[in-house]
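Chain IDs A, B and C follow the sequence of writing; residue 1 opens each chain.
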């Protein structure tokens, strides 16, 4: 099976040729297979968000190639092969919840009736049925982020790109959202790339955790998470979970020390 | 330091041309200066272009070939009376303002200083009044509710209508003109002072309370500094408004030493010398921009170490 | 110099401030405005008594009753004059605002154009536009309402344009990335993101413009205007020290100005019900 995401020898330089030139990413190689859930974790400024934006073709790489579903990233973006979720829910406050979820469909000129039914379906998936006609400001932070996930899923992409989607939520809400995201991933069989600061979150959700270091951003270690595919509250209390958390913590410490 | 008007997002900028790259390599100040000059040149070009296509016949002075340019069209606005040649306007600065009088530039410079003094005094009075009102309203909701509707309504009164009465009360002179200018100046300052002082809430206030700070300390150590950026925003509007106010105040008062008087004066001689009115307008524009820049400079000096509020 | 510290007029800030300091009413309308109503009554009574007790002459200060008498006596004439000037104000408002928004839409498309135009627009905005009134009178004719419309249009153009540009460009970075991730066209990004984002800024500018347009029309009539214009009437009556008449006309002008402002405010409530300033308390 071809990888869903293939990052081949990618480097990214910001402001090339100027005094404030920064080497953000250095020679990144990473293949992500269909159905995988890959978390990218690393200290602030290690370029993990940049990596995500390269996959989404929001910025071009300085060298190397990014393939999504076997296509160059720009083509994948045009084909809407992925859905994206940011740390801020980034809902348009002038649109209702349902209209926000319909936005990508509108841009693809999907007929109204189908748009509405698909939005309803996605909102049911994130357990927000009945909130279709609410406005974003009437929702809590966690609910807003669920709308953002529904919006990312509504195009039925194979790939989900998430940039610290739960970073602004409190611990309790975050754990609940982790469970929900896990359930969605389990049910829909998507591939996911997930940026996070939280070790616990990364281990709980992922099949693989990629650890990155700073200046220049590069991959220092890839840790396979060999927990059972189905995870729930009890998973967080297993010995293996703790071992893996420690393993990632160690790897992060080494990355920060520049080893 | 401020990025407010540049696109804040890393949007895809692959197809940057050479010009674009060169342009963004310049400093912000250089970019703004260059663009200002370019726009002024374009305006001058459009001005003379319009005259070239649709102005009055033009015969360069002292030309040995007797060349005369006859524009194909005649637009009313582009006639020599309605849109004098730019060089005529600049020439007018050097000519005498009336028969055997001093050169126009000298008269206008004097008028500009005169009007600027009125405007500055009005700005000071209006600024102080505006700040005081804002501070009082910030401390009393009842007073705010009682007076705010009138403060807002006051700005729908055309001051030109009030000016004659102020002048009767206070006699024609630059104090009365300054008061009229202050009437236009105080409003933005009141609104933004109130908003700025009120904008401080939550933990910052609790912190001061934890130090057992008095209302007075709270005001000067916390609320006032927090309100400063908004107050400066208002002062910049007020700077322009005070120049407008000073000019309007001069009109019905019979004061003829300022720019308002000069506008009235040269307007009445428009037929015989339109370029003198245009020259006066140029100077007026200059005074307005100068005052705005002056306040901006003070703002920069005082707030330069702060993050821009947005 | 200006550019380092500021690239905005701030008009919008002040307009937004007026809304912010007149908070959403929890109490009834009457309760909320009771202090101001009391102040109004108190002020009028004191004013009237002051004028009567000290027999102040009209050319110093007309009594409220005299103003009221003039208003009711000349109401028909005043309404006719007022309507003439209101048309000038409305015409100028419409021309200036539409041009301001159109120019902003056209230039916001190119970052360089926006950046280049802004210093000029800000400089132009601090020019006392009123000084152009005599010129425009000469261009379009003193009697022609078009000359007043032109002045009003120029006065309102710059705040509207500057605020529209701000609204179109001050867009959340993530929201733009989101549009890019959908491979949205520039057209879609403009009309589904930038324009809705700009609406609150535009409405703030329109509120300022509404109040400015009536004042602009009246003041520009000072430099000569049609005999059936309110500003000309005010100038004449004031010049003859008939201040009761002048004030009656001024009050009419204020009412028109406030009405225009309230109309824009009402349209705003319907157009952007989602915006914090319209929703009230939350922000």
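In this section, a contact is a pair of C-beta atoms (placed from the backbone, for glycine too) under 8 Å apart; a residue touches a chain by one contact, two chains touch by 3 or more.
Because the structure is a prediction, the values reported are computed rather than measured.
Visitor: By mean C-alpha coordinates, which chain is most distant from subunit B?
Guide: Relative to subunit B, the chain with the farthest C-alpha centre is A.
Visitor: Which pairing of chains gives the most C-beta pairs in contact?
Guide: The chain pair sharing the largest number of C-beta contacts is B-C.
Visitor: Hey, how far is the Cα centre of subunit A from the one of subunit C, in Å?
Guide: 47
Visitor: Per the centroid of Cα atoms for each chain, what is the distance between subunit B and subunit C, given in Å?
Guide: Inter-chain centre distance comes to 17 Å.
Visitor: Counting only Cα atoms for the centres, state how far subunit A is from subunit B in Å.
Guide: 50
Visitor: Where does subunit B touch two or more other chains at once, residue-wise?
Guide: Touching at least two other chains: 10, 12.
Visitor: Which parts of subunit C, given as residue numbers and ranges, touch two or more other chains?
Guide: Touching at least two other chains: 172, 174, 177, 180.
Visitor: Return the residues of subunit A touching two or more other chains; collapse runs of consecutive numbers into ranges.
Guide: Residues 53, 58 of subunit A each touch two or more of the other chains.
Visitor: Name, in rising order, each residue of subunit B that touches subunit C in their complex.
Guide: 1-2, 4-12, 20, 23, 28-29, 31-32, 35-36, 38-40, 76-77, 81-82, 137, 142-150, 152-153, 155-162, 164-165, 168-169, 187-188, 191-192, 194-195, 198, 230, 233-234, 236-237, 239-240, 243-244, 247-248, 251-252, 259, 263, 267, 270, 274, 277-278, 280-281, 284-285, 287-289, 291-293, 296-297, 299-300, 303-304, 310
Visitor: What part of subunit C is in contact with subunit B in the complex they form?
Guide: 1-11, 13-14, 17-18, 20-22, 32-36, 38-40, 59-61, 111-112, 114-120, 122-123, 125-128, 130-132, 134-135, 138-139, 165-166, 169-174, 176-177, 180, 211, 214-215, 218-219, 222-223, 231, 234-235, 238-239, 241, 243, 246-247, 249-250, 253-254, 257-258, 261
Visitor: Give every residue of subunit C touching subunit A within the complex, in rising order.
Guide: Against subunit A, subunit C makes touches at 172, 174-175, 177-178, 180-184, 188, 192-193, 196, 199, 272, 274-276, 279, 282.
Visitor: Under the definition above, what is the set of subunit A residues touching subunit C in their complex?
Guide: Spelled out, the residues of subunit A in touch with subunit C are 53, 56, 58, 77-78, 80, 82, 84, 86, 88, 90, 92-94, 103-104, 106-107, 135, 137, 161.
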